[in-house]
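Here come two complexes built around chain A, the first alongside chain B, the second alongside chain C.
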Partner chain A sequence: MITDTDIAVIGAGPAGCNAALIAAEYDFSVVMLDEQASPGGQVWREKSPAILHAPETPESVAGESIRNAISQSNVSHLSGVRVWHIERSIDAFIIHYESAGVSISLNCRCLIIATGAREYVQPIPGWTLPGVVGMAGATSIFKQDLIPMGSKMVVSGTGPLAFFVAAEQQRLGGKVAAVLTSNTFLDWMKALPAMILRPGLLFRGLRWITALYVNRIPIYWGHTVTRVEGECSVSRVEFKKIGKDWSPQGEPSFIDCDCVSLGGGLISAFESFQLAGISLEHRRDLGGWIPKAEQDGRTNVGGCFVCGDGAGIRGSLAAQTHGKLAGLSAVVFLGAEINHPIDELRREHTRAASFGEAMSKLSIPRPGLSKLTTAQTVVCRCEGITRAEIEDEINLGAQSMTSVKSGVRAGMGPCGGKFCQTAITEFIAKAKSCPVSEIVPPTARPPLRPVSVNTLAGDFDYSDLPISKPSPL
Partner chain B sequence: MFKLAPNHQNDIVRTSKVSFTFDGKSLLAHEGESLAAALIRAKLLHLSDAPADGAPRGVFCCMGLCQECVVQVGGKTIESCRLPVSQDLQVISLRR
Partner chain C sequence: MGCASALQMAEGSMKSIVLDQGDLGQGASGVNAGTLSLQIKRVKLMPYAIRGHQEWESMGDAVGFRKTGGYTLAFTDHEAELLHERMSLKAEAGAPIEFVSNSVLTKAEPHLADRVVAASYCAEDGYANSSLTGQFYRARLKQQGVQHREGFKVLGIEACNDGYVIRSASTTVRARKLLLSTGAWLKSLAALMDVDLPLQARINTVSVTQRLPMLTRSVIGHATGLLTMKQKANGTLLIGGGWQGRGTPEQGRGQVDARSLRSNLALARHVLPAIENAQILRSWTGFEANVPDFYPLAGKLPGYEDVFILGCVRGGYTIGPYIGKLMGDYILERKTELPLFDPGRNFVEVLA
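Let's turn to the complex of A and B:
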């Protein structure tokens, strides 16, 4: 078991893999930790061992290539492990991770955090029903298990992902009832200049849309699902046209379906940065709270670097060069002289980022969006807490994320607030009439992922408790 | 051939099927696929009940974060999206 390394990389997506690979070229010991069985992250997620053969996709090809590169490198890849805590000592970082039910610590001189993103879904009535999945979530099942979700799916969300989900559902033999996108044709025209610079990706996007037209699947531009109906699973959705500020308007329409995929863009998985002591800043255009960092991944914490979508949603293309830049920064921090062309990498990253940033812009939440969350909508899924209950608490004086969390337990459940915090931030900001950037996330607490008490206790036994002799009477 | 709306359903080769149980009910799945996928195919979506109102919950984030697809296997709680199906796997849902 490795207990000490020069460089630890958390996350094995496009950013983490590239950071680890480039750092390993300089003869430093590099350990890359990831919770999946093999490298690739969410975007290049590997097929499950149940798939013996399947047609290639751009994601599967890119994933295979990076998996080969990692297996041929000197990077020690710890797969299927979950980092649950990061501590700092004077000149090192201590990473606590869980592996097969055992908690293990790893010391590193230098830490690269490439934890990527998760998905934002605006709470709407019925979004907790079985059969409702995130858009990014649907793609992870598509990539891993190559099955369609349900027999008839409605996709409703922002950005290019809505079309990718619909295209993949059809490619894997499923049906799509309709695609609803909050974006209008005009929104997409604004993104066109950035897309034209990436003709390959633009062409791919057009193919997704073509596949919908060929199968005569309606696309509702500037519409969104406003309610999911059903008893124990989804039976139909209610949807409405939305205005320029994304508030729902007019009379509702309905579509029968047994699966709904919802998504409002990606947000940084920022908790690891908080635990490492990195300052955050709020950037609506890059997915909300992200670490304050230079282009080369440097942060306010010496020896700790960030890269990839976790450092701001710019997409997998940018994440690859961002990973290289962060890997090189780590190498420089450890005192090596580098022979890679940094300036060229920076330019490449800027170019790739401009495409990703144009895509992220399509998902910037607009003021009317929170109107989709009615008073009786469950916002905190884990604890079943409604918007009304949260707003009552806010009106009673809970004016910060931390006070809402301790007041009504919203964000205290097993997910650790990952799926309700963004919505609650908007409610507090609205009540205080201040920008969301003033509502800071609650203090991050370990564990980053659920860890069993047995794992934490390790081989500790009650009989190990030192009990001093009772004092004489 | 270049197809405008490709359907690759029949071009995917999977492992042979194994049997497992979900709340005592015998089901089939391709060995090694995620339990979440096997249950989606079997149209078994209701995996747990919410703590406050007992409302049904199932697979939501599909990447090990939301904790709503957790089931019990051998006394341990585990996300069904992160659990590969093996022969004779015994799964108990957290439905009350």
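Let's turn to the complex of A and C:
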């Protein structure tokens, strides 16, 4: 078992893999830890080993290539492990991770955090019904199991992912009843200059949309699902046109379906950064709270670097060069001279990022969005807490994420607030009439994911307990 | 403690304002395990702790108060000896603590490990929901017309002709008198007044599990004081015991030390084996300040007539609402029901 390494990389998506690969070229020991069975992250998720053959997609090709590169490199890849805590000491980090029910620690001189993103879904009535899936969640299932979802899906969300989900659902043999996108045609035209610089990606997007038109699937621009209906599972959705600020308007329409894919863009999974002691900043254009970092991944914590979507949603293309830049920063931190063309990488990253940032812009929440969450909508899914309960607490004077959490338990369940925080931040900011950037996330508390007592406590002999002298009488 | 003092001052018609660098009740009260146990209180502080329990009981449901009774367990002969010695002194000091047989214990708490050598019981023990501290005091302050400002980090305190000017990044507040009751952050605040307090901060770890079937009804402790455990009505189990994390108050919140957590949970599992597969959802730390003699600071800040200080109470969550009231009385120049603790005392001498 490895207990010490020069560099630890958390996350094996495009950013983490590239960071690990480039750092390993400089003869440092590199350990890459990842939750998944194989490298690739969410975007290049590997298909299930039960599927012997499937047509290639750009994601599967890129994923295969990075998986080969990792397996041929000196990078030690720890797969199927979950990092649950990051401790800082004076000149090192201690990564605690779970592997097959056992907690293991890894000391590293240098840490690269590439934990990626999670998706944001605005809570709406019925969003907790079985049959509702996030758009990014749907793509994970598509990529891994190559099966469509439900017998008739409605897709409703922002950015390019809405079209990707619909196109993949169809390609895999499923039905799409309609695609609703909060974005208007005009929003997309504004993104055009950035897209033209990436004709390959632009063309791919157009192909998804063309496929939808060819199959006569209605696309409702500037519309959104406002309610999911059904007794025990989804039976239909209510949807409305939305205004410029995304407030729902006019009379509702309805579509029958048994599956709904909702998505409001990606947000950074920032808890690892908090545990590592990295300062956060709020950037609406990059997915909300992200670590404060330079383009090369440097942060306020010496020896700790960030890259990929977790450091700001810029997409997988940018994540690859961002990973390389962060990997090189780590190598420099450890005292090596680098022979890679840094300036060229920086330019490449800037170019790639401009495309990703244009896509992220399509998902920047607008003021009317939170109107979709009605008073009786469950916001904190773990604890079953509604918007009305949360707003009552805010009106009684709880004006921070921590005090709302303490007062009504929103965010105290198993997910630790990952699902509800973004929405609650907006509610508090609205009540205080202040920018969301003033509503800081609560203190991060380990474990990053729930871990069992047996795993955390390990083997133990009662006589080995380090019992200090009793407290003064 | 600051809130309790302010409420008492309001009762005596003294106008006050409560300033907090963060959220009300979140520095220590809101992040401790909420245990209310006379069995872990110091002998000399027992009268204060007993009155503290009465305060919590009167706050009732609003703070999630439950008087469940509590057991303290010993698993070795040495621990049993320790338990007898310590609990006898505490009982003498007025805590209704008794020793119970294994059969009584097993009947009351069938899920506990059967390796218990000795156990003590206190019917007065229980817990409150520490998360609700801020919510509770926020409402009480409002009700009593006491102003409060959250997110007010004091950057400077300057004397002026009739009192003090307290400065944050954006505003100033003037007051004739000051009470410093900032817990582990007392040292840096007193330093603004050129007083060096010999204050150290312990970094206590607390963890909470997912909701579990009911496994225990009482507050469970360990003879060494290294475990507190209680199951809330919602099924979650809170595990504490003063295992140490890392960090200092000046650096912000402390960090969880995985080794401490490991020992803490191992001890918890030893006592309540059924939790072995329970998922831990969160672990965190809270600062508990103390001075070398481990008695409270409650009185005038040395060298000042109109600056008061309250903290380092040792059992501050339990005793806080009561000693806060005493402090309010003291500032109102009323006679206090029990004596306070002069912050100007010689800590080293008292130790010896």
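We take it that the second predicted complex is superposed on the first by the 460 of 473 C-alpha atoms of A that agree within 3 Å, B and C clash if a C-alpha of one lies under 4 Å from a C-alpha of the other, contacts with A are read in each partner's own complex, and residues count from 1 in each chain.
The rule is short, and it goes like this: contacts are C-beta pairs under 8 Å (C-beta built on N, C-alpha and C of every residue); 3 or more make two chains touch, one makes a residue touch a chain.
Fair warning: this is a prediction, and the values are worked out from it, not measured in the lab.
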Exercise. On chain A, do chain B and chain C fit together or clash when superposed?
Worked result: fit
Exercise. A:T210 contacts which: chain B (first), chain C (second), both, neither?
Worked result: first
For this session: Have a look at where A:A138 lands relative to chain B and chain C in the superposition and call it first, second, both or neither.
Result: first
Exercise. When the two structures are overlaid on chain A, which partner does A:L129 contact: first (chain B), second (chain C), both, or neither?
Worked result: first
Exercise. Can A:A410 be said to touch chain B (first), chain C (second), both, or neither?
Worked result: neither
Exercise. Which partner does A:L172 contact after superposing on A: first (chain B), second (chain C), both, neither?
Worked result: first
Exercise. When the two structures are overlaid on chain A, which partner does A:I51 contact: first (chain B), second (chain C), both, or neither?
Worked result: first
For this session: Please indicate which partner A:P472 is in contact with in the superposed arrangement: first for chain B, second for chain C, both, or neither.
Result: second
Exercise. With the C-alpha centre of chain A at the apex, what angle separates the C-alpha centres of chain B and chain C, reported to the nearest 10°?
Worked result: 100
For this session: Examine A:G458 and indicate which partner it touches, taking first as chain B and second as chain C; both and neither are also allowed.
Result: second
Problem set entry | First (chain B), second (chain C), both or neither touched by A:S400 | second
Problem set entry | Per-pair minimum CA distance [chain C against chain B, superposed on A] in Å | 7
For this session: Would you tell me the residues on chain A in contact with chain B in one complex that are also in contact with chain C in the other?
Result: 413-414, 450, 452
Exercise. Can you name the residues of chain A that touch chain C in the complex?
Worked result: 85, 87-88, 94, 96, 103, 105, 275, 393, 396-400, 402-403, 405-407, 409, 412-414, 416, 443, 445-447, 450-454, 456-458, 460, 462, 465-468, 470-473
Exercise. Okay, in this complex, where on chain C does chain A touch?
Worked result: 22-26, 30, 40, 42-43, 75, 82, 86, 89, 131-135, 138-139, 142, 150-151, 208-210, 224-226, 242, 246, 253, 255-258, 261-263, 265-270, 275-284, 294
Exercise. What does chain B use to touch chain A in their complex?
Worked result: 4-9, 11-15, 29-34, 36-37, 40-41, 45-47, 50-53, 55-68, 70, 76-77, 81-82, 84-85
For this session: Show which residues of chain A lie in contact with chain B when the two form their complex.
Result: 35, 42, 48-55, 101, 118-119, 128-134, 136-138, 140-141, 144-147, 149-150, 170-173, 207, 210-212, 214-215, 232-233, 378, 381-385, 413-415, 418-419, 449-450, 452
